[in-house]
Every structure is written in structure tokens, then in C-alpha cells.
Amino acid sequence: MACTAETLAAALRAAATVIAGHRVELIELDRAIGDADHGENMDRGFTAIVSALDTGTPETPAAVMKLAATTLISKVGGAAGPLYGTAFLRASVKLGTAAEVDGPLLVEALRAALEGVQARGKAVGGDATMVDALIPAVSAAEEAAGSDIASILTAAADAADKGAESTVDLVPRKGRASYLGERAIGHLDPGARSTALLLRAFAEAAR
Amino acid sequence: MKKIINDPKTVVAESLRGLAAAHADVLRVEDDPAIVVRVDAPVPGKVAVISGGGSGHEPLHGGFVGQGMLTAAVPGAVFTSPTPDAVEAAVKATTGDAGALLIVKNYTGDVLNFETAAELAAAEGLDVRSVVIDDDVAVKDSTYTAGRRGVGGTVLLEKITGAAAERGDALDAVEALARKVIGQVRSIGVALTAPTVPHAGEPSFDLADDEIEFGIGIHGEPGIERTPTVSADELVARMVEAVVSDLPFGEGDKVLLFTNSMGGTPLVELYLAHGIAERLLAERGIVVERRLVGPYITSLEMQGMSLTLLKLDDELTELWDAPVNTPALRWGV
Amino acid sequence: MKKIINDPKTVVAESLRGLAAAHADVLRVEDDPAIVVRVDAPVPGKVAVISGGGSGHEPLHGGFVGQGMLTAAVPGAVFTSPTPDAVEAAVKATTGDAGALLIVKNYTGDVLNFETAAELAAAEGLDVRSVVIDDDVAVKDSTYTAGRRGVGGTVLLEKITGAAAERGDALDAVEALARKVIGQVRSIGVALTAPTVPHAGEPSFDLADDEIEFGIGIHGEPGIERTPTVSADELVARMVEAVVSDLPFGEGDKVLLFTNSMGGTPLVELYLAHGIAERLLAERGIVVERRLVGPYITSLEMQGMSLTLLKLDDELTELWDAPVNTPALRWGV
Amino acid sequence: MACTAETLAAALRAAATVIAGHRVELIELDRAIGDADHGENMDRGFTAIVSALDTGTPETPAAVMKLAATTLISKVGGAAGPLYGTAFLRASVKLGTAAEVDGPLLVEALRAALEGVQARGKAVGGDATMVDALIPAVSAAEEAAGSDIASILTAAADAADKGAESTVDLVPRKGRASYLGERAIGHLDPGARSTALLLRAFAEAAR
């Protein structure tokens, strides 16, 4: 199955449901090493995306992504807002005018998203941020680039889960958790967790 | 969680309504995106001084909007940086040919959102500069990390740049002044209890009855070190040492001492701590020429305090003393 | 108990040292007995306005000493009325031929100790008058009981009588004015948490997580009624009803609305509550002409708030607006 | 045994020890229905009396009582300071120039103390204050007026204990506890308790 504007919109709605279901978990993760708002921020953003989509689905996958991007930028705030916003924006640019997204284009978009986050936030792998979920996810997607969209996203989500897990043992060097230094060891990074959740929601929606 | 609220999602918007009603003579609140603007803005020919950040630190920033201080404040959700469009709205509502200075506290979220807003405003042909304040000595600074947080020094920076803008300084001068202040202001904070974010419903960290967090920020992040409770003498001595040794401040330096309550610490304790800090600075030969004592940059109901030292010179002292008329700071008017 | 203190027995004395250091331009602190005195007192030809009471309510009273408000404040131990010799010392330090007005909050201890002090001062030939403020509508009034407590209205009374003394009104006039204010000011308070008195070491009352105390005083006494937590809308509506129906305040009345934090309630919540009160008063046709919002009469770190309404006329408004220069209230100077 | 300036001073020292030992109890009683300072206030006052006596015992019983009275007035504050101060002052006046206090004079002094408290505080029996301990104490002392000082004080202390107990069932009408109204039922009045403690300490010292 290839991905159209409609299926992408459906995937975003599915993602919103997942985020709402994990709102408290993400707040709790952020409470431990940050300021207890990541779940609230993400939920506010994705709720707004659903409202925006309710007024009509844009024509192209790129336009859907752009709507999501601008909504995140204007509704989320915090660190996650501009970072996820940039990720969605860069992906949208990569999708261009395609009416349908196939496997290779999806992989390119994921790569662009990662690059956007890193350009914006300056975090590298091992800094214990969402980047630690995204880097392995993009690599796994690239390896699976020949398969169908569902398989690519499932591979990315599996890798993101592992990558997020890896933040537990790291000393954060970016974002609010970095103030804690060694004391943050033993805690899962909330942004890495939300990245993994989003990829899983997209993978499920693509099946 | 016990709070005087209706719904965690509407706390900030409802609170701004009360702010607007209480201080209609100095400021107005615009909705969607929510911004707090000086009642007479844009002030022709004068640089706009704009700041903002997550809510929950009141009176920062909305309580500092008015003559001689901020031209506009951009309140985000509780402990969450505002979005770029809100910052952009504040710039547009207040900025004329003289341009605007954005005062950004050094947090990833604030920096990214204000950065985007500055780009948007520049694209509209407005002359907008940004300065990032990072005065918290608790955090190790490095180009590989998020760097030091912006804390108590922000209040002093807003007052002094606001005074410069009020007297008609050009944007270059106001920006240079801001960088100078940032270069010579340092802070440290401690928490005795954790704040409770309305949407989280639980204290932001768990602290035993005999523990304090040393080196706390203003967002309910745990501090850099958890230590047993100590006497006020010992606590303030540790704080003074951390701040003084950082810049460092030396014998003969003239300073402004800002003893700040994080919200839940009563004034009787705050003045007690202030008295100790005055004594310790005098012992080091550091001359306290101006002081500010009270809850000015807070973390909801968190109990705790921060100390901020700003090295003064004649210009900074004059700008500090200049008239100001805001909900939270007022003199000379 | 977590507090920034050294020793419960020295809290007040040490705190006063900090107050003196921070505000040497407006006040001085004298020791043994401890009193806070306007820096330029006695002010020749002007009535001295003196108040006092237990400590732990800061900024009341020490934070209101200065030009245009109190001439002296007498701080007792935490939540304990000062002794007569301390009150007498304050009278002697500030009172000349123009005489003095003692503002006494209606608590048995305050009334008895100030009464004795007034007798002592009168015996020395000084013209000293006392007024007792009892604005708390939570308490049933009766000649057979201790009567209503003095709470939020005290702040307004001190400001207005201080302004009258500053402009040179004679003692008779200042006293009459005080009685007028007392006659038309009413308050109500609620607590979400209890304060912890340093020497007691434990919260003054135990309150479940879903309970509030309605009709609280400022000394950690439990309120008149324990009720489940309610929304801010409901809480403020109940408070407004209690205050408005008591005097009563009616359509067309011009009022000063004072929304006070009991100490631990953050400004974001306080402004939210203030906004609700403004709306409810507007709905009743009561015209809010002046407002004061903040922690001005507190109960240590207690979370909660009070609402005070004072019926205004041109004279009271003018006196409220008159310049004041104290640590906690300042304008026009 | 008759009571001299020295024995009266010793009794006050003994009372100071008793008050210090019950400081926390009195704070707790006041915490329940007042402002949690009665134990602290009384302890501050009696510690100051001991300091004052340390600089030398005044010549007459009346002078000792006056020293205690003025110390209480200038060190205690609150409601208890002026009330106990007045009680001691009125008792002192009644003692006059006597070098020794005998039973009848003691009883007169106790009566004067009670009248002083009532003149000052306007409380009557049943208002749930220290007056509820003092009224029965003075009555009992009057009935025992013929016996020796120790017996008189023991009778007074016994009656004060019962009188204090009676405040548990009362609705306070004076002092801070009156704000609570019905909610104060079930609580012992701290001032009634301290009155009973003082009389017991004097009785023990007189033996």
C-alpha cells in the first residue's frame, strides 16, 4: 500500500490517539529528569493537528505534513515543538509534489527529518535526546528501503524502541535533562520515547 | 494537588484575564496568541524590549511589563516556552523603526522558539536582536551541552535594558548593554520543596523531609545536588561562595544583591537569608549598593530561594534607579 | 519542617536584621525591644501611625513602614502579639505633640497588650488613640465573644491612615478616618494548606488532600468550616458572596478590591482568582475603582487567599492614591 | 510551713521546670484550636522569670510576685502574657508588705488573681478559658483556707485539673479558640491546662 494524503492524515490521527494514551507516561518521564510537560506538550500539539485535519485534508502528502509541522510549531512550544516541527517541515519539503509516497521517498523524508532535528538542536547520538531514537530508526528504514511502507516503518519503530531504551544509560548533554548530569542516568528520555511512539503509531497505521 | 484553578488547560489564559483587569493602567493582554503588552505600545522612537517564557514564574515576565521595563511579555503554557507565532505577535504589536531586543533565557525551548520568531520578524523587515541570558552558576557551561540556565539575572536584565530603551537608547546600545549585564551577573538557587505543575498534578520531584536540592532551576527540574538540610547560615554561605567565586566578584566590587523567593518561601525567611548574605559579602569586602528582596522569579509554589549578584558601575546603577512602573516593580512614578 | 532559619528562637530578630539592611533608606530597626521605625521618625508635627502584631504575616507590618504609611511597626514573636513595652518603645520613638494612632487587629492578645501600652504612653503624657480593626466576616460578632478578627482590611487601613497623617491631618481626623475605614471594609479568607510555626515544627492543622478551610484567619487557626476542594469559580463566588452580603455592598458602590495571597499561593493562581472576583463584582453592578493583588498579609507559607472589599469615596480614593514609599507598597515616589 | 520570698522564688523556679517539661504539650493543645504558641509563650516567660530571679531574690513575697508579673507582661505577649501578668500583679498587690504569706493571705491573693484575669479578659466561667480552671481553684482554696499552704494549694490544683478538663466539652467564647465554635468541642483549653500545671507545681513546691 502506498501512502496518500488521506492515509497520512489517518496515520496522524492514529498518532494523536497514541500520544493521548501515553500523555501521563510522557509527563512522568519528563517529571523525573525535566519539567513534567512533555506529555502535555505533545498531546496539545497532536490534538491541534486533529482539529486542523478536521477542517479538511490537504491535497498532497507534503501539504498534510506541512499542516502538521506548522501546527506543532505554533501549538507545542518548549523544546519539542520546534524540533518536531522542523522534522515534519523538512519531511514535507522532501515529499515535494508527489501524490503518493513510496518506500524510497518515505526513507528520504525520514532522513530529512533527522537532519532537521540535528540542524536545529545540535544534538548528536549519545546526547540522550530524541535523536537517539531517530538515528537508528532512519538507518533501519534505509536498510529496509526496498520493502513496503509498513515494513519500513515497522523496522524504523523497532529500532527507535531500542534507541530510546539506550538513553536510560546515558548522561544527557542536551535539553533540560542535561542539568542533572549523572543523576539522569537510569531514566528514559521522554523525547526519545515519544519519537518511538510516533513511529510505532505510523507503522501500525500503515498495515 | 491543591490549586485555586478551574482547569489546568485554561490556567494561563484565565490568569492573564486577572492581570489585565488588575493593571489596565499599565498593560493590556491580547488573545490568541496570548501576549502582554505595555498599554501605550508601540512607543514611537523607542526600542521595544520583549521577553517571555513558560508561565509559572510570576511576576516574571508579565508583571514586568510597563514604563521603564518590558514593552511586551510572551507567556507560554506553565513551564513551557511560548511558540514562535506568539513571540512574533508580541514583536509586531510593539516594534517600530527603533527595533526590538528579545531577552531569551537559555533553555533549549526558549532559544529555539525565539530564534524562529526572530527569523519571522526579520523577514518582515523588522530590526530584531536577541540576547540569551545564562547566569546560573549551578550548571557547567560547555559548547557541547545546553549550557547554563537563565534565572534570577533575567529580572535585573529586563529592568536595566528597559530603562535604557525608555531613555531613548538606540538598539545597538541597548543590545550592547544587555550583553554587558549578562557578562557580569551570576545566580544560584536552592529548593526546599518541589512545585506542582497543574497539568501534571504531582510535585515535580520527590524530596525527603530532611533534604534540599542545591543548584535548582526555575522549572521544577531537580537541582544539581541533593543534600541534607542545613542551617540558614550554612546554606547562604554555600550560595554566596558559589556565586562570588564564579565571576569572580572581588573586594571593592560594587554590586546589586537580589535575594529572591522561589514562591513558597515566606518573607520572614527571605529577609533572614538576605541579612546573612549582606554580612557575608561585607566580610569579603564586596560593597552592596543596591538590593532587591522578594518573590520576583518563581517556580509556582516551590519553597526555596536564589541569590543573584550583579556587578554595578555608575551607568548600571543609574539605569537600575530609573523610574519604573510595572505591576511588580515600581518606583519613581 | 523545612525552613531557611538557624534557630526558631532567633527567627524574628535575624529577619529584622535583613529587613534593616535591605531598606536602610526608608526604615531602621531598633533592638530590645525590637521595633521597626521610619528612618526619619519622629516626623515633626505629624501624627504617628503605629501597628504591630505577631510576626509571620510579612510584609505586614514591617514592610509597610515608610513615608505615607506606618511610622512604626512592632513585631512580636511568630503569631504572638508583641508585649506592651515593645509597643510603648515604638510610641516613644515616633510620637511627638501630634500624637499617635495605634492600629490594633482584633485578637485578645493584641488588644490586651496594646491597651496596656496605650495606658503606659498616656501616663507619660502622650496623646495616643487606638482603633481596633475587625473586618473578618467569617467570625460571628457578638459582645459575648472575642469578636471578628482583623485581617486583610488592616493593610488598607494602614495605607489610608498613613496617607492622612502624611498630609498633616490632626489626630482627631486620623482617628475618625480610621473608624470610617473600619466601618466599611470586609474580608474573607480560605486556606488550602496549613502554615508551620517555626517553634512548633509541624503544620498548624491537618488538612486532607481534597479539603480546604473556609473562613480562615492569619494565624494558622483552623477556619470556620472544612469543605471539599472546589473549582476556583465556585470558591471565589462563595467568598464574594460572603463579603458582599455582609456590609452589604450594593449596586453602584465604588470599591477597592484587594486579592491577597496567604503566602504560598502563586501569583498565577492569585490573578486567576482576582479575574473571577472582578467579573462577579461587575455582574452585581459593584464598581471596582482600585485594586491590590499580591501577598500583603500572609500566614507564613500557608497556601490560600483572602478577598477584601473597601467601599470608596473621593477622600478614601485620594488617600489610597497618595504617594507611599515602603518596602512592600510603593508608588508616586 | 509559711511562704517567704525565698520559698516563693523556689516555687516559681519549680513552675518554670514544669512549664518547660510541658512546652510541647501546650503547643499541641494550642495547635488544635489556636495558633500553636501557648507552650512557647509560657516557656519564654518562665525562663525569663528564672533569669530575673538569678540576679537576686527580691525582699518580700509581694516583690517576688511583682517581678514575675512584670517579666510575664514584658516577655510573653499574646493573650496569656497580659492575663497571667495581671493575675500575678494583682496577687502581688494583695500580698502587701507581708514577710511571710499564710493560708488566708494566700487565698486572698488567689482570689485577686482570678478577679484580675476576669477584669482584663472579660471571660466568665464556661467560656472555655483559663478562667474555667481558676474559678474552681479559688473556690477550693477558700474552702481549705484554714489548712496549711500545701493543703490549700493542693486543693486548688485538684480543682483546677477538673476545671481544665471541663473545657473539653465547652464551646469557647473567648480567645482564639472561639473562632472555631462547635469545632473546638473535644479539645482541652491550653490556658486552662497551664493554669492547672502552675497550681500543681506551686502545690508540690509547698510540700
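In this document, chain identifiers A, B, C and D correspond to the written order of the chains, with residue numbering beginning at 1 in each.
Convention: contacts are C-beta pairs under 8 Å (C-beta built on N, C-alpha and C of every residue); 3 or more make two chains touch, one makes a residue touch a chain.
This one's a predicted model, so the numbers in the text were calculated from it and none came from an experiment.
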Neighbouring chains common to chain B and chain D, by label: C
Per Cα centroids, the chain farthest from chain A: D
Between chain A and chain D, centroid-to-centroid distance (C-alpha), Å: 74
Geometric centre distance via CA averages, chain C-chain B, whole Å: 29
Euclidean distance of C-alpha centroids - chain C vs chain D, Å: 32
Centre-to-centre distance between chain C and chain A (centres being mean Cα positions), rounded to whole Å: 54
Contacts with two or more other chains, residues of chain B listed in rising order: 78
Which chain pairs touch, all of them: A-B, B-C, C-D
Residue numbers on chain A that touch chain B, as the complex places them: 27, 31-37, 40-41, 44, 73-83, 120-121, 173-176, 178-181, 183
Residue numbers on chain B that touch chain C, as the complex places them: 2-6, 11-12, 14-22, 55-56, 58-59, 63, 78, 192-193, 209, 212, 229, 231-233, 235-236, 259, 263-276, 278, 288, 291, 293, 295, 298, 300-301, 303, 305, 327, 330-333
Residues of chain C touching chain D in the complex: 33, 54, 76-85, 107-109, 112-113, 115-116, 138-140, 144-146, 149, 197, 199-200, 202, 204-205, 217, 219-222, 224
